[in-house]
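In what follows, subunit A forms one complex with subunit B and a second complex with subunit C.
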Partner chain A sequence: MSTNFPWLTTITLLPLVASLLIPVLPDKYGKTVRWYSLAVGLIDFALIVYAFWYHYDFQNPDFQLVETYAWLPQLGLNWTLAVDGISMPLVLLASLVTTLSMLAGWQVTYKPRLFYFLMLAMYSAQIGVFCAQDILLFFLMWELELVPVYILISIWGGPKRLYAATKFILYTAIGSIFILVAALAMAFYGGNVTFDMRELGMKDYSLTFELLVYAALIIAYGVKLPIFPLHTWLPDAHGEASAPVSMILAGVLLKMGGYAIIRMNVEMLTDAHFYFAPVLAILGVVNIVYGALVSFAQRNLKRRMAYSSVSHMGFVLLGIASYTELGLSGAVLQMISHGLIAAALFYLSGVTYERTHTLMLDKMGGLGRSMPTVFALFTIASMASLALPGMSGFVGELAVFIGFATSDSYTSAFKLVVVLLSAVGLILTPMYLLSMLREMFYGKENTEFRGVPLLDARPREVFVTACLLIPIIGIGLYPKLFTQTYDVKTVQVASHARMAVSTVAQQPLQLFSEVSQAPALNSVTSGEFLGIVK
Partner chain B sequence: MDFASLAAQLNTEVILPELIVTATLLLVVVGDLIVGRAASSKWTPYVSIAGLLAAVGSLYFLWDKPNPISFLGSFNGDNLSIVFRGIIALSAAVTILMSIRYVEQSATSLAEYLTILLTATLGGMFLSGADELVMIFVSLETLSISSYLLTGYTKRDPRSNEAALKYLLIGASSSAIFLYGLSLLYGLSGGQTNLNDIASSITTAGLGQSIAVVIALVFAIAGIAFKIAAVPFHQWTPDVYEGSPTPVVAFLSVGSKAAGFALATRLLVTAFPYLTEQWHFVLTALAILSMILGNVVALAQTSMKRLLAYSSIGQAGFVMIGLVIGTDAGYSSMIFYLLVYLFMNLGAFTGVILFSLRTGTDQISEYSGLYQKDPLLTLGLSICLLSLGGIPPLAGFFGKLYLFWAGWQAGAYGLVLLGLITSVISIYYYIRVVKMMVVKEPQEMSDAVLNYPEIRWNLPGMRPLQVGLILSLIATSIAGILSNPLFTLSNESVTKTPMLQATVKPEKPVAVMKKSNESAQVSMKF
Partner chain C sequence: MEQFLLQNSWWIPCYGFIGAILTLPWAVGIIRRTGPRPAAYFNLLMTIISLVHGFLVFRITLGEDPQPLVIHWFTAADLDLTLMLDVSSVGMGAVELVTALSLLAQLFALGYMEKDWALARFFALMGFFEGAMSGLALSESLFLSYALLEMLTLSTYLLVGFWYAQPLVVTAARDAFLTKRVGDVLLLMGVVALATLSGTLNFPDLYEWAETAELSPTVSTLLGLALISGPIGKCAQFPLHLWLDEAMEGPNPASILRNSVVVACGAYVLIKLQPILVLSPVASIALIVLGTMTAIGASLVAIAQIDIKRALSHSTSAYLGLVFIAVGTQWTDVALFVLLTHAIAKALLFMSIGSVILTTSSQDITEMGGLWSRMPATSIAFVVGAVGLVGLLPLGGFWALYEGVDTYWYGQPWLVVVLLIVNALSAFNLTRVFRLVFLGPPQPKTRRAPEVPWTMAVPMVALTITTLLVPAILQRLYLLPDWTYINGPAVVLLMLSGAIGFALGATIHLNRTWARPIQTPLKFAQDLLAYDFYVDQLYKVTVVWLVDRVSRLNAWFDRYVLDGAVNFVGLASIFSGESLKYSVSGQSQFYLLTILIGVSILGALLTYLVW
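The block that comes next holds the complex of A and B.
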């Protein structure tokens, strides 16, 4: 096939178009539908891998596989899709996690048609968010994912699912107001009206305007990422959703926030980023420490992991705020790594729940005896999450740390405090994860499980977890394999951001002069510090 | 003078669609008289639909007509009026689809109902192009009086009678106020009745800013706001919507409202060019109140018809954004929104009618668990409600996007922000209904759904309902994604209407380089 083939359009629309066939599929017991959806997911995944392998140049930092079709010329809305080093890994992640979560939902017997229909619709929306290069199209895709998630939580969730789903939709819908307002404001700013993200990035905004738009966008994406104090929907939604849905929520949806911050706040509003970066760093630290502490206090397994997500996404913020190539690369890596790890953990918690029918840690105990494989898998995933060397979590967090520590945009006192506090978070992570493992698997078997057959993991369940764990270990052992696919882009973004710093820092408005400083011109190349990443 | 030259002089062909509707109307009345009530109900609805569709078809040939003024200036068939007449006729056609079964079940005559509905349609269509005070008032009253009759059509139902009486009393007083405003205009302009002449003679007499003209304006707006149910002229809406036959409510909320917007655009733009700022100001206030009150009060409703009543107040608020910003894009976004609103609101009403025909209730709580029993109805109603809430990729999302786009372009930042916030509120109550239908588990099913009758589309009058539901479902789903033709239609209806072009505000110049000091101002306004 030629390179002119509209790969991204095909990839984005295939699941959505395929989902429209689900209502008419002949299917009595819900079996055809799940095979069909899994096949669609796999085909789409294969297409993505094929398209990126043959038509994506890993050494090119620019947008690739660009497609533009005028959709509504009256509005200036174009169907523009493209990928670059930041979105390409996330497209892969979204596709992998969604396909696996459809396999994870194999035992959904209640309204299977609706379930798989929504899963496929969400698949399209996620890929669309990561590929859209038109800010209105981005907004459309962002909103498209809203209702499927709402219904998925509120039908197949836990006891408080309706509350959680409503909270989710209100938070996200209110957040997305800010996206549309910011999009309209940027598009109509200055002479020409455009919604193309690249052209928006090239517009010359006034600083006040940039700060306002930046603030609006950080609220919208802060809900999604989540950033403290906008995170309160997350423990409810993640805690109440069923395992396949939690996998997508934690594995992909949170990354939409991180991706959008890099894409819009850092790339398009570089000047304002200078003023907001210290705030992001502080919020990142708050996320890390607060998330870890609250997680430790949770007695519900899924809520504990939900707060652990809050804690881990703090590293993404820290990396984004670091102004170094290594930090930014670490932020992307941390997103991917957390996507895989969180998906694995949520899936395994679902596997456990299917057998014990409880998520309360108090009621578990001694499960390791009857479910050794689940125990082993759970341990591996937890180790990855607490950043054991040799796993992807370690590389991501270390890269963020070193990136931030070597950043020359901050005073050393500020850096010291930030790094110290997040190191505290790093110590708290093993505490809550290991104590979780202890309460679940060690000790005497809880008397309540007498007579309940606690079967060990089935081959399908091992397979799903393995698909997530293999890349985790692969990235952990040889990160370059993965980071080299997007490094050119993160280097470009970081140096672009730093160039803006050196000009902005000369301006009289020194809001953060206490903590920020202009970098020395010959900035340290990060590669020398970390042999394993570069 | 012979007939042909008279017709040519009056430029009769401009009102060809109205003539077709009139002919259909007469055919229905006479046919009903000849063959009798039972036999006529078999074919009259289809004849009426055919007539309305023929009228819509004939509108196509009048598009871009070089000389649209007819009847010595009392009717202006410009492109703007054509779009509005199309919306009204289509809404009547879809309303008939959903009425057949409903009217038959209430054991009243179908042909009489159709006659009144067609008369109302005729009034609305004439109102869309009326360019002269007498014409405006006569067509407005044709529409209004037929609407009063329609609301009280199920005469054995006391609530329908109550609704009709309320509507009649409030409507009559609002007509009186409106007429008083018109009479002021007539007097101030020295006896002119044509809207353009009124504007020019008031300007030449130097009365442009006089208090009398302002009073005339306020009275005229009061009459219009009653028709489009803008807050604070909305009090009749919930009660009338709740009591009236549901198909009539569907027509009132789409056809009659569209006619109101057509009247508002033409009367305010043509007759009050010297008070543009004032009427923009008043309508902005009405839009703000409508968006807030309509959407907030809808949250608390337990009856589906009342929910849709308040939602339609809120929706009218959104549409008014397009009207008050007064740019090309503003007017065309208003028309675009009305076009998609036609499909989605009528679709929602079709769903409500279908449900109440099968279960006899329209309480929201009774919808719970409907997905298990009737997936098609659930799908249709859910899609239409989500579209009203502005969820992509449905038609309503694009409608709202265009309105907000145009609003932002014209610098109405506050209105756009308010619109966005209230549309998030609206998502909440629309999705509450969807949640009832889709999310509730089998054991939570309501009694009405538990006793849900077997779905039989072959009962008399059910097939048209099914057609209406599926048509509006398809239109709502794809009119957004493939909205290019609708965009072009609404844009051209504005750019090729001389009346609007004369008053349109200059839009933001495109491709002019502006630098930092001006941009600072923009950001301050933001």
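The block that comes next holds the complex of A and C.
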């Protein structure tokens, strides 16, 4: 299915172009800008849904809606956009969460023009990251998204905002250097110089080169995802950012790390992935357990959720390392589901903060009486986060679990330890979430709130949360509806990765022979991967 | 018509959920003008529909082969998770029990919760509860059963936390969730392992697989233990039993369901798992050991309770312990028998004490007395429920326990002893409670105690009659033993144990003033039992302490080591920049000196290298 209309370019550039108009909008009472931005967000979301619905074939594992324009031919830089099964759901997620976060920032009274300008710029950058098929363009988009976040945190953040923003920009900028170096190295490797990701994936790199590039990229994306021990920017940034910004931070930006690992490390550097996969699995488990434990000890509401993000993203790593279709599918599903759940939780904590003016759990208590609706929504979001069946988090984590358990790339002892330790994380999750609910809502009202009017959620706030919770419950009740939209692609990536294992395993580099084992060759038939390896 | 009803029997669990959804406009406060009553009526209607539908299907399936219904739920890559429902007479019978008790409990709640402002929310939760339980009764897929067990965990959490502004509820709801969750997550690990090993999660396929499966002892032991831990949590067995005690902070109509059918749901799953548990002898032994410990321990603990609900809820744990023993010894029909009779009798007992609590506004049995003449229907309900529970007169409980005694008579005589002890202790406990609550002189709180309104009296009387009719129902279902083969000594022993318990309970000196025994050993024993053998204290100083310490340690590590290293790099660069700035002094002599030193070092290096 092809179309002549440049859908992806339109979708990517619309918010950016629209944001350029914001400085000249007549806006006397500070209300036009927000309506304008919300309208742009909604139009873009509608365009995305329309384009995917009519011009995207869910059964096709290849890149679709491909557009290529030469941008800087002297450099070899092309404006190449395309989507496939991995990026398509993430584009939808990014658009949904960003639009909702603009609605969430409805009451920004301080410099609203700048705020909405940055939000729209970030909107474009996020979609650009997920759509870019040129590695240099990808890098540009990646960088483009950093700057608005920095400004958004440092102007509208909490008391320690400058520290948090600086930490964020330094961490991610240092990470980006690795992306640039790796991208250039891959582009100039061998005879032909190209920045196109498909062609880069087809190049035949030497193993040492692949391992080096893989390591560089995993550092860059490990900062973003985040992977222990590169996560310490995250609690600061998420904790200090205002609610709309932390919605995007937790809801979308973390997923860029996961997306890039699947897109580059797994798809392009498949041989090196074989050697790094056990490391990723171990780091995933560390993320899950460590994040949950640290989260339990936090006394600040937003920091607690930030560490919970660290814990949940561990499942994505585990799924990526699993080498099975199911595990990879679970990793994508977990990214989507965590994007929705984390956005909902961060938004609700913002809603609470607007009323209580504190994020410290010690100072809250007994809010359930005056804010029953917020209490109910918070409970639903927490239940989703602790992977209750019937909610999307459960399906993603279950798929990762079964995918990892059925993987034939690891010895059963290793699998047992990994699965059991992540189960510990699954027990720790309700501990910190329920104790959070208990300290916030149950019991007697804290005396500090005497005289403070604690109003219940307004319709706008209920609407924003409902928009996030409905897909969570929808996916949880009938996941097939959603997974079948991207399934063909994850199957293809996983089988491609497994085929590479069988070739790598024939020349083993006795490094991980303790935990890795060569799988049976007969499970792979060569016809399946012609879509990507020609 | 029959086919239509059969084909659509998957609707039966949905009715409860639909009822819960229908109450939402009232529960969230969109409709305020009518008051919350209509929400309750919707739920009652839905329960009646599912009761009728279930009954019709039950009539059809009686004597027929089970008919599976398959729903493809999640297909990702090579995994095809199907949800299988089993429309058989046993499953439908369980559904009937659940919906009937749910209907009675809801009617009861109409009176009990009359003045509660959140009546609609309560009924939404009850509908949810009922839907999850009837789904569990029909489920033929381990995966679906697991998911529904989690739903039950959720609804327990929400129902226990119903009065969330009360001080004790604060921890009770959380503890109930966490304890059950530990069991559930371990069960999930078992589910994942089974999916990996056998490639299917539907019970019939699993049974087939279990017959031929060859597992190493370690794997089968781990698998078995993981599978039983879900039911352990759900049925409040040692070591995951503390939540049931705390859960008594919730509203009483929910306690009726929780103590009768909700705990039974966990046991029902366990019974379904039994053919797979055979793979692991350790799991069977664990079931028997844990069941025995809980049965005797909880019976003893119940005796020392002065909270009327807690005195009965510990006895629930004890009876479920008997079910665990039965499953561990592979006598699942004994287990089902005990479950059925216990559910009915316990529901009646909880209705009776619910009436007492509502009338006296108290749960402390030392503050009660003399209610028998003031609340005759309630007193009769308590007596009938108690008799229906213990093995003394030939009502339901007697026949269930007799079945157990008879089964273990030759093979495992020590289990007979366990049964008799539990029977005696529970007779003792119930007599004690009855004397304190209903006999003796009236106390300030029981002096003005009218009988409950009809919404509560009707379900209570109906259930009283049902309990009296249980032997007749058993007769119809051919569950009673043949008179010619009856085991005389067993009957005598059982009745004797009940009689001893009753006699002890009737004669022991009870003082309401709660004067403490003077002898230290007696005092110690009383405290030990009253505080659940101090198990919660034990948890507090071991598991809870450990998790707390480890998480604090990790947080410290994160803040000072990891983040400290990062901040150190930042500080170091600022410091070097700050110190270098003093080199820009503005004095040309200083610059010349710098250049000179630089050039001379460079020259020295060059000469050194060239040399």
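Keep this in mind: the second predicted complex is superposed on the first by the 517 of 534 C-alpha atoms of A that agree within 3 Å, B and C clash if a C-alpha of one lies under 4 Å from a C-alpha of the other, contacts with A are read in each partner's own complex, and residues count from 1 in each chain.
Here, contacts are C-beta pairs under 8 Å (C-beta built on N, C-alpha and C of every residue); 3 or more make two chains touch, one makes a residue touch a chain.
Small disclaimer: the values here were computed from a predicted structure and weren't measured.
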Fit or clash between subunit C and subunit B when superposed on subunit A: fit
Which superposed partner A:Ile427 touches (first subunit B, second subunit C, both, neither): second
Touched partner set for A:Leu75, first subunit B, second subunit C, both or neither: first
Partner chain in contact with A:Ala237 - subunit B first, subunit C second, else both or neither: neither
Greater subunit A contact set [subunit C / subunit B]: C
Partner chain(s) touched by A:Gly191 [first = subunit B, second = subunit C, both, neither]: first
Angle at the Cα centre of subunit A, taken between the Cα centres of subunit B and subunit C once the superposition is applied, in steps of 10 degrees: 160
Subunit B versus subunit C as contact partner of A:Phe441, first or second or both or neither: second
Which superposed partner A:Met313 touches (first subunit B, second subunit C, both, neither): neither
CA minimum distance (subunit B, subunit C), superposed complexes, angstrom: 5
Contacts on subunit A seen with subunit B and repeated with subunit C across the two complexes: 170
Residues of subunit B touching subunit A in the complex: 332, 371, 375, 386, 391-393, 397-398, 401-402, 404-405, 408-409, 416-417, 420-421, 424, 427-428, 431, 434-435, 438-439, 483-484, 487-488, 491, 508-516, 519-520, 522-524, 526
List of subunit A residues in touch with subunit C within their complex: 167, 170, 229, 232, 290, 293-298, 324-326, 329-330, 333, 366, 368-369, 373, 375-376, 379, 383, 386, 388-390, 394-395, 398-399, 401-403, 405-406, 419-420, 423, 426-428, 430-431, 434-435, 437-438, 441-444, 478-480, 483-484, 487, 490-491, 494
Residue numbers on subunit C that touch subunit A, as the complex places them: 28, 72-79, 146-148, 150-151, 154, 158, 161, 164-165, 167, 169-171, 173-174, 177-178, 181-182, 185-186, 188-189, 192-193, 195-196, 547-548, 550-552, 554-555, 558, 562-563, 566, 570
For the subunit A and subunit B complex, residues of the former touching the latter: 23, 71-75, 111, 114, 136, 140-141, 143-144, 146-147, 150-151, 154-155, 162, 166, 169-170, 173-174, 177, 180-181, 184-185, 188-193, 204-206, 208-209, 212
